[in-house]
Amino acid sequence: MSRSLLTGNGAAAWGARLALADYIPAFPITPQTEIIETLANWIDTEAMAARLVTLESEHSMITAAGAAAATGVRVFSATSSQGLLHGMEMIYTVAGWRAPFVLVNVSRGLASPITLEPDHNDVLAARDSGFLQIHCATCQEVLDSILMAYRLAENDRVRLPVMVNLDGFYLSFTREPVTLPDAKTAADFVGSYDPENIRFRASAPVSQAVAVLGGGPYSYFRYESHLAAESALEVYHQVADEFENLFGRRHEAIDSYRTDDAELVLVMLGSFATKAQQAVDQMRDAGQAVGLLRPRLMRPFPRQQFRQLLAGKKGVAVIDQNLSMGFGGILHGELASALYGQPEAPPILASFVAGLGGRDITGEEFFAMVEETRAAVASDQIPPPRLLYTQAELREVRKLQAVAQVERVELKQPQTVQGGQANES
Amino acid sequence: MNHNPDSAGNPRFQRMKDLPSTHLLGTGTPMCSGCGGLAALHEIYDIIGDKSVFINAAGCMTLLSVYPFTPFRGSWLYTSMASAPAGAQGVRDALDILMQKRRMAASEDMEVVVLTGDGSAYGMGLSATSGAMERNLDFLYICYDNEGYGNTGQQTSGATPHGARTATNRGLSGFPGFKKDLFSIWAAHKPAYVATVIASEPLDLARKIDRALSLKGPRLIIALAPCPTGWEFEPQQSVDIGRMAVKTGAWPLKEYIDGEFVHTRIPRHRLPVEQYLQLQGRFKHLFEPRRNDVLINEIQDRIDRYWRNVSSG
Amino acid sequence: MYRIRFHGRGGQGMKTASRILGTAFFLEGFEVQDAPRYGAERRGAPIFAYVRADRHPIRERGVIQRPDLVIVADDSLVPVPGAGVISGLDDHGILLINSEESADTWRHRLSIGSPILTVPDHSGDPAGQRFLGASCAGAAARLVGVISREHLIQAIGDEISALGTAAATASLVQANSDRALDAYEAMAAHAGCVSEGSGISAADYRSPDWVDLPSDPATVAAPAIHAGATSVEVRTGLWRTLRPVIDYSRCNHCWWVCSTFCPDGAIDVAADGEPRIDYDHCKGCMVCVAQCPPHAIEAISEQQAQRQETQAADRENSV
C-alpha cells in the first residue's frame, strides 16, 4: 500500500484497474473524461489488460456495457450529466438484465441552462432505474467504493449494476492523498467474476432480456429487481466488514459524524459533506450539540439505519444539492418517508436546497442552516424549504439580465431575511 | 442580404475584393486564439447574415453563447449533442405554420442553420441528420470539423484521420481507424447541396455558402477547422495549415449539386502530405524519434488513390 | 492550514505550479489538496489553481476565499477585475508578483493592506514562459518556509515526468528544477513569511444575506438573451501576450487579408480603406502577422507595451 496524491478521476481509474475490469465502453464528457483517458493510456502502454472502446454515444456505451456484462466479462464505464441522461433508456433497460457492472458518474448539473459544474440532479435522475448507488465524499472513497461496488453488484443475491458517484470539480479535478491498495490484495478482494447462468455460450444457449405479456409476469420481474436491491443492504454490510478487515478502512452505508450526543443533525450527500464536518466541529467548539449524517448508499436506501441514527433528535436539516421542480429537495422527501410515523422521529425536518451548478456552500451558511433549524425546534414550527441564495448573487444576476436585455418588468424588491444569527452564548 | 447573382447575372463573389471587410459576428467569444472553426464561422456568418437562427449541438461552439453574452446578431438555440437537426425541424416547421396561418409575416422568416462539430455530425447526430434529409428539411447544416471531440480535450471521433494522436489514442501509431467519408454519406441521401470548405480559402467558401443559400432543401457544409489546441500547433499557423491541407490534397474542396460531384479546386502539383502532417504536434510521432515511413506512405497512398479516381472519373 | 492561490494565464503552467507545491508539501508530511479552477481553459485567458496544506486531514473544499499567499505569474493580470487576483487578500495574506517592477510601485498602484513582494519576471521571454509554473512553485515553497530544497526538487521530478513524453523528460526536469531553485533562492530573505490562516468561528460569524427569491415571469427568468452581439462586452484582448501592430506606411491596402483571416473578426476596414485592429478583443493569435502580404503587421510584447503605457500613466498621475 502506498499513499499518493490522486484526483477523484485518477482514483476512479485506479478503481477500475485494481478491480481487473476486462472491458471499458467509453464516451467523453466533462468532468469525467480524464477517467477514460487514463484507462486508455494504461491499456495502450500495457499497464492494464483490458479493452477500451469509444462508442458514438452514451446510449450505445451503456448498451455495450450491459451486453458485455450479459456475455460474462467484468465491465467498467463512466459518464456524467447529459451523458447519463442520453443513456437513460439503457440505464433502466440493462438494470433489468441482472447483468452486473460498475458505472462511475461524475456529477454535473443538467441543462437547461447547460453548465459544467456539479450538483446531484444527474445521478438522482437514475435513482428509480434498478442501479444501486454509492455516493462518495473523498477521492479515497471513490477508489474504495469501486472495489466494493463490484462485490455488491456481482453478489448472487444482488446481481444489479452499481453506480458510484463523485462530484465534478470538487473531487474529479482535486488531488488528495489516496492510499492505493496493493494489486494482489485488491484482486483477492474483488475475486473473479462468475456470471453463473446469465451469459452467452454456444453450448448453453440463452435468450436474455425477453419481453413479457401482461402485468403478472411484468410485476414479478420488477418486484424481483426491487427485492434484490433491498437485499443489497445486508450484502453491503458484509462487504464493508470484509473491506475493513483487509484494508483497515470502514465505509458505512451511512457515515455518521458526532451524532451520538447531537440534538441537531445535518444530512447531506457527497463531497460538500466534508465541509459540513468542519462546520460541525466549529459549532461544537462554540458549544452546540450538532452532528452530521451522510448516506453513502442512496439505493438501496438505508431506511432502518436512518431511523436508528435519528431517533430522539430534536431537529434535522437536510441539505439537497438537487432540485425536483415543483417538489423540492429529493433527499428531504426520501428521509421524510423513512421517518414518517416512527415513534422517536425528530419533530423538525427542515429542507435546504444549496450548491446547485457548483455554487459554494460557505461555512457561515452551515451555521445559519443549523440556526434556522434550532429556531424551528424552539417554535415547534417546520420552516418552509429554503433555496439558498444571497442578496449579492441576486444583484449579480440582475446585472447579467440587464446585459441580456430581458423585458423590463417591475422586479419586486427582494426581502432580506435573517439567515440565522451569531450565537450569543 | 442578396445571395444570388446580381441583376446582370454575375455571381456575387468573383474576386477577393468582393469579400466583406467588416464583420457581423461579434467579437469577445471564448473560442481559442487562432481557432480555425471560428474563422470559418465568421466568414460564413457574414454571408448568411442575421436573418438566421442557429441550432447548435454540444461542442466548442456551445460556449459561443454564455449568458448574457452572444456574438450572434440573429438568433440561436442550443439543443443537445445528438439532436440539433431535429431542433431545426421544429423551428422550420413552426415558422412555416406561422406563415401558413398568417400569424407571421414572410419578412420575419429566417434561414434555419444547424451548427455542430464533427463529433456530433459524424457520430451521435448522424441519425437525426439522415432523418432531416429524408424529410427534405429546408435547412443549412454547418459542421466545423476539427477531427475530434475538441471541447472535451480532443478524443478520437468519427472524423479523426488515420494515424493522428488523440487523447484516447496516445500510442505510437495514433488512431488506427480512418476518417469517415461524411461528404459521401450525406450525398448518398441526395440532398440539395453538399460542399466542403475551409477558412483559408475564403473565396471558395463564400461562393459555396452563397450557392447554398440560393437553394432550398437540405444543404450541408463541412468546414475543415484547423484547431491549434487539439492539433497542437501555434495559433498563428492556423491559416497556413489550412492551405497546406488543400495543397497536399488531404482536404479536397468539392461540391455535390444536382446529382453531380464537382471538385472546385484540383491541386495541379499536389505537395507531399508530410508537409501538412509535419506542422502538427498530433502527427509528431510519425517523424520523431524515428520516421515512420510505413504510416506516412499509407496516408500518402490513400490521398493519391483518392485523386486518381478524381482525374480518371 | 496553508491556503495558497496561483494566478496566471492558460498555458503558463499554473496547474503544474499547484501540483508541484502540493506534492512538495505532501513529501514534507502535510495533508494536501490541490486543484486547478477548470473551465473551458483557453491559452492566454486568466485562470487560477490552488493548494491547501495542513497537518490534519483537509475538509475544506472549493475556491480559497481568504488566501495566505497569492502568487501571480503574469503581472498584467493584477489590475484585471475578472482575474480576481486580489480577491480575499487582507493584511494577513501576502501577494507575490512576478514582475520587472518594484514592490513599491505595486504597493503604490494597488493600495491594499497585504504585504507585496516581487520576483524577477520571466513571462516575457518565451523560454521563461515554459518554466513559469516551476518558478512560481519554487518561490511559494520558500515563502511558506516549511519545504526543503530536496523535496521541492523531488516534487518537480514527479510532476514534470507525470506530464511527460519520454524523450525530453530528463532535461525538462533539470530546466524546471533550475528555475524553481532560482526562485527559491531569490525568496531567501522572506523565507517563512507566510503564516497559516485561521478558520471561522461559529460563535461569532456574519450571517449570510439570504433572500427569498421572487418568482419572476418567464419573460425574465428564461435563459435567453434579447440583444445582439453582447459578447463585445467581454474583453478577450486580455488574453493577448503578443500585440499585432500595423505599420500603416507599409500597408498596401490589399484585399484586407488581415481582416478576412482574423479568426475573431477583430480587424475591420474603415471607410478610408485602413484596417483597424480592435485591441479590446484581439486575442493575439498572430494570424494577421503571418498572413499580411507586405508584412506590414508586426508582433510586439504585450507586457512591454502595457508596461510603457502604465508607466506613462503613473508619470502623468504623479505630475
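Labels for the chains are A, B and C, by order of writing; each one numbers its residues from 1.
Here is the rule we use: a residue touches a chain if its C-beta (ideal position, glycine included) is under 8 Å from a C-beta of that chain, and two chains touch if they have at least 3 such contacts.
As the structure is a prediction and not an experimental result, all values here were calculated from the model.
A.B. asks: Among all chains, whose Cα centre is located farthest from the one for chain A?
C.D. replies: Looking at centroid distances, B is the chain farthest away.
A.B. asks: Tell me which of B-C and A-B has more C-beta pairs in contact.
C.D. replies: Here the pair linked by more C-beta pairs in contact is B-C.
A.B. asks: Would you kindly tell me how far, in whole Å, the mean C-alpha position of chain C lies from that of chain A?
C.D. replies: Their C-alpha centroids are separated by 34 Å.
A.B. asks: Roughly how many whole angstrom separate the Cα centroids of chain B and chain C?
C.D. replies: 34
A.B. asks: Centroid of chain A to centroid of chain B, CA atoms only: how many Å?
C.D. replies: Going by mean C-alpha positions, chain A sits 39 Å from chain B.
A.B. asks: Where in chain A do residues touch two or more of the other chains?
C.D. replies: Where chain A meets two or more other chains at a single residue, that happens at 112-113, 401, 403-404.
A.B. asks: Where in chain C do residues touch at least two different other chains?
C.D. replies: 40, 223, 225, 230, 233
A.B. asks: Could you pull out the residues of chain B that touch at least 2 other chains?
C.D. replies: 67-69, 151 - these are the residues of chain B that touch more than one other chain.
A.B. asks: Okay, in this complex, where on chain A does chain C touch?
C.D. replies: My answer: residues 5, 7, 31, 112-113, 116, 169-170, 173-177, 271-272, 274-275, 277-279, 282-283, 285-288, 360, 362-365, 367-368, 386-392, 394, 401, 403-407, 409, 411-412, 414-423, 425.
A.B. asks: Using the touch definition up top, name the residues of chain B that touch chain A in the complex.
C.D. replies: Touching chain A: residues 58, 62, 67-69, 78, 80-82, 123-124, 126, 149, 151-153, 155-156, 158, 167-171 of chain B.
A.B. asks: So in the complex, the part of chain C that touches chain A is made up of which residues?
C.D. replies: Against chain A, the touching part of chain C is residues 19, 22-23, 26, 31-36, 38-40, 58-63, 65, 199-214, 216-217, 219-220, 223-227, 230, 233.
A.B. asks: For a test of understanding, state which residues of chain A touch chain B in their complex under the given definition.
C.D. replies: 26, 28-30, 33, 36-37, 40-41, 44-45, 52, 54, 56-57, 82, 86, 111-114, 400-401, 403-404
A.B. asks: Please give the residue numbers of chain B that touch chain C in the complex, ascending.
C.D. replies: 15-17, 19-36, 38-39, 42-43, 50, 60, 63-65, 67-74, 151, 199-200, 202, 228-229, 234-240, 288-289
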